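Note sheet for the following structure.
A, B, C and D label the chains in the order they appear, each numbered from 1.
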Amino acid sequence: MTAPEKQVFPGPVLNHHSGKLLIGTRYWPTEIWRRPWSLPRYRAGALWLVGIILGIAAIGFGIGELAVWGEKILVWLGRCGLPAPAVAWVWVLIKLCCVIGVIVANGLWAVWWERKISAHIQSRMGPMYAGGFHGWAQTIFDTIKLLLKEDVTPAAADQAMHLLAPIVAIAPCIIAFAPVLFGNELAAAKLDMGVLYIFAFASISVIGVVMAGWASGNKYSLLGGLRAAAQIVSYELPRGFSIVPVLMFAGSLDLAVIDRAQAGYWMGCIPRWFVFYPVVGQIAFLFFLIASVAETNRTPFDIPEAESELVAGFHTEFSGMKWSMFFLMEYGYVLLSSFLLAVFFLGGGASPLPWLVGIPSWIWMLSKAMLMMFVFLWFRWTFPRLRVDQLMDFNWKFLLPWSFANIGLAGVLVYLHLRGWGLR
Amino acid sequence: MNPLAGADAVARLLAAVPKAEIASSPVKDYPTIRLAAPADLLLAARLLKGDLGFMYLEMVTAVDWLGPVNLGGFVCGGNSNPLSRKPAAPPVSPVPGPGVSYRPMLDLLWSFGNLGENRKIFLRLELPRDRAEVPSLTSLFAAADWQEREAFDLFGIRFTGHPNLIKILTPDFLQGHPLRKDYVHAKDRYDEE
Amino acid sequence: MGIILDKFPLIAKAIPGGQVVLTSTDYIIDLGRKYSLWPLTFGLACCAIEMMVAYAGRFDFDRFGVIPRPSPRQADLLLIAGTVTKKMAAPIVDIYHQMPEPRFVMAMGSCANCGGPFYDSYSVVKGIDRIIPVDVYIPGCPPRPEALIYGVMELQKKIMRMKLERGGGATVQAEKGSRDPAGEDA
Amino acid sequence: MKSEALIVTGPGLEMDTMFVNLGPQHPSTHGVLRLGLTLAGEVITKAFPDIGYLHRGTEKLMEARNYHQCVILTDRWDYCSAMPNNLAFCLSAEKLMAVAIPPRAQALRVIMCELNRIASHLIFLGTYGIDIGAFTPFLYAFREREMILDLYEKCCGARLTYNYIRLGGVAADIDSDWVAKCREFLEYFKPRLDEYDTLLSFNPIFLARTQEVGLIPKEAAVGWGLSGPNLRGSGVSYDVRKSEPYCGYEAYDFDVPVGTHGSCWDRYFCRVQEMRQSVRILEAALTKLPSGELMAKGLAKVPRPPAGEAYAHVEASRGDLGIYLVSDGGVAPYRIHVRAPCFINLAILQEILIGKKVADVIAVLGSFDIVLGEVDR
């Protein structure tokens, strides 16, 4: 016995546009999965994407190597009658504005990009209406609203520390950007101990986080602050030790030297990037990636601001711009880690294939950094969260001992290189 | 398997507990035993849990047989149509149906389940409304803890020996026990127009 | 660090071309608030399930820039989704006062509007507007996610009408009187 | 495994504890539950669940409403799966009135309840993923649930509070288009279940967070009166659909998934397996759908069940939902008590949270899948 034939209903809710049952809508999920390319929106989106990528490559060709522009500006400044010290100061100011511009622009871009990536991972659309095509102005509107939010300092909070915490959190991140390489020779400051400088300043912001945790007078943020202190400090170690093989291969702490050490190709097509060194490169790359994810408090290590446990972790009591300082810090460190990953392991500035050398180095550096940032954002929406003690066990019992072993292995490679059979 | 098959369990319980008999108005299709005094409860429960294998306390509840519900217990007087100003006919029947006698007693009910042989037994006990005292079953069944607190909160039945007999559901400032038939709701600051 | 713009209307009026500047800043600030309405993850009863569905894939709230924030300090929209009982009334008022200005309240569902199917219960507050001021009411029990999105769009229209003179700045609203006095709101 | 904070004790070594409110407004308490936790560092020494923040007194309200008006209030108890609430109330009233339900209405009741079980377990899957920190399964689970809600909308007009199962039968009928859409959903849903297994069930971090956490032995589970997937997670195979079949459940063959040692993962995986069994029941029910009328004959407009008491219980998605109905022959029920599974399942938190970390509290609370509408009634 089967069900009776089509039955006339006493007028269920019809979709007043198409007049068909809501159930008969064209975007019934199964249709999306069976024939995605049949949807015009899908094809249009793909065309837009290809257009944007080609556009950026064309701009890159037009501008060419940015380092060259640097000398031209210096010469022009000299010629228009400024005394030597003034030129130096103006040049430092220009570099400062560029680096801060990169960090703030990254803040705007990364937040929007993360919301779009998370949306498309989760089969939804993300910001669409905030300012036109795909909600590009979403983060700008967020910033305007946050600027005008009432600045709440809770009664139980320690006023001075509450105000100081975001500043102490964001300042080291901006300072740490000085030696970071944006192209082959393109760095704000040429420091021959760049790596040491970056890690030194990057570890100061944990003080800001702990200050925030303690100063807001809220038990959840205290727990979040203590967890942050334990996590960030203990993940500094594997992060530092996983870089040692790279320094051994490059022979110097200066980022520009590390970058030059990765130029050239094996057998004509495989680029000499440190990530392709037989075993040492992959292990060092993975450990540095994991430790950087833990440094920036992102999933699966986001226990300091675990939304489901500690309400909002150490930044529970911060509202308006003070809260967005913490967000700027997080995305600043994500950008810093992406650029470091690009320089240390992916041969920042060097093109992966010999016949693509024409494209300027800053395009390569930017695309590798964005690739690494995509990996950071992608982690956040796929992994569950670790518990505090599991996180500590993973670090002290797995990450650290194996990074020491990796340094030993790197020593063997360097010894082979010195004996002449090496990879050079 | 028909839950009534546990006749031998009922028989052994009746033999062990003094003055217990099959309840006159049983829960439909389930064996119901009426206890005579609060003291027999622990004895019956220990027997059920120990020998007869009824390890699962399913439900602890009570019924107040005072009479039809007092519409003062409702904020809008049980008015089924909130918009109409005149009070509608209360849907509560003043005259009890056949076989029902209103009396000022609280009728407590326990339901025990034997998961292995898939059987249920209901214990019933009548208590006077003003001083309803009964020993608590938390020593034998941990499930009784919150259900007895709920019975205390909504009916005002005191369970002697309960570790933490305080309010569980109603707000702290609510006076009286709402599920009693004669409960009249005192308007508080949230109820004024 | 929030910028206080309360004195700005007086200054703008003093300068000759100031009125144009004032209206355009109003417009930009309202656009900022309109497209970045962050509600609090705070569901009470059945309407909370429909609210979660509104955040999920099919009726995506993120399209309007609406992301749920766990802490009241970072939220600017209090979405009361469910029955408000007397025991829960005091915590709700505390949460409302913890939220920084400018804050909005939406009563979702007939329980939050007027007590709904529990109108004559002894332990239910007959509507959230008895304890906190409400900006938008959404009928339904539970209202469909589309109704919730329509409610948010109504709130966005209301935000677009906010003026700096009438308290669009960051100081506490209570000190400046009602944001839209009667009659002028239409 | 005893956590270190409780092992190291002795004179002068006590840790001063901190009282934290996992308050009525918290992202992962699934509604308005307040957990008063006393913490020693990160470890819990005492837990006191405080409920009542959603107590609407429906048991008192039902004493002033006739039977058809009561069915509406039953929807609002466990609002994630409202069909079994209607069913339990109607079964106890029909038991009192000794009404014979037509076979098509029985089959429709089974279909709707099983679909609701899948929808409710999908909500659990999504929110439990968020509790453990994975945001994406929530979106996938709700995408599938949307298809079920479309089916409900086509049949009974509502998405969440259906008021579909009435005294004496069922409110509306389904036609061949509905059956086709339902079959299409079932075909689409089976591969999605395997997807969840790879995405969440066997994810190493998820396993690390849930496998040795919240262990409940069999005696404690029975002693505390747990029911549904929480009881079956500890190894006790008790399912009301098998022990006391109602609405023709004995005609469908399905097996009852049982966990091994009662950890959070076992309770979680029981629910995922139950979804597969519900798909089997639905396919069988859709093929053997008898035709006939929907409502029992001879039921009064305003039913007055004869004086007496009845107890009927169903296997709701969250446990053994029982309705004890007392009637004095009047239009309104004289007294109605709801044996709410979530209310009874929640009581065990006082015992098993001792010695856990804060992150485990959320994992254990989430694994019980409580709904505050049913806890507070």
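Operating definition for what follows: a contact is a pair of C-beta atoms (placed from the backbone, for glycine too) under 8 Å apart; a residue touches a chain by one contact, two chains touch by 3 or more.
These numbers were taken from a predicted model, which means no experiment stands behind them.
Distance from chain B peaks, on a Cα-centroid basis, for A.
Overall, the chain located most centrally, as judged by its C-alpha mean against the mean of all protein C-alpha atoms, is D.
With C-D and B-D as the two chain pairs, more C-beta contacts join B-D. Centre-to-centre, using mean CA coordinates, chain A is 61 Å away from chain B. Chain geometry summary: the mean Cα position of chain A and that of chain C are 33 Å apart.
Between chain B and chain D the centroid-to-centroid distance comes to 24 Å (mean Cα coordinates, whole Å). For chain B, residues touching at least two other chains, in rising order: 73-74, 78, 170-171, 178, 183.
The multi-chain contact residues of chain C, meaning those touching 2 or more other chains, are 56-58, 70, 85, 87, 120-123.
Residues of chain D in contact with at least two other chains: 27, 52, 55, 57, 60-61, 64, 138-140, 143, 146, 376. Pairs of chains meeting the touch criterion: A-C, A-D, B-C, B-D, C-D.
Of all residues in chain A, those touching chain C in their complex are 115, 119, 122-131, 135, 137-138, 140-152, 166, 307, 311-312, 315-323, 325.
Considering their complex, residues 1-3, 5, 28-29, 31-36, 56-58, 60, 62-65, 67, 69-71, 73-74, 76, 98, 100-102, 168-172 of chain C touch chain A. Within the complex formed with chain C, the residues of chain B that make contact are 73-79, 82, 170-174, 178, 183, 185, 188, 190-191. The residues of chain C lying in touch with chain B in their complex are 85-87, 89, 119-123, 125-126, 130-131.
The touching residues of chain D, when paired with chain B in their complex, are 51-52, 55, 57, 59-61, 63-66, 69, 95-96, 219-220, 222-225, 236, 238, 243-244, 304, 306-311, 320, 322, 324, 326-332, 334-335, 337, 339, 343-344, 346-348, 351, 376-377.
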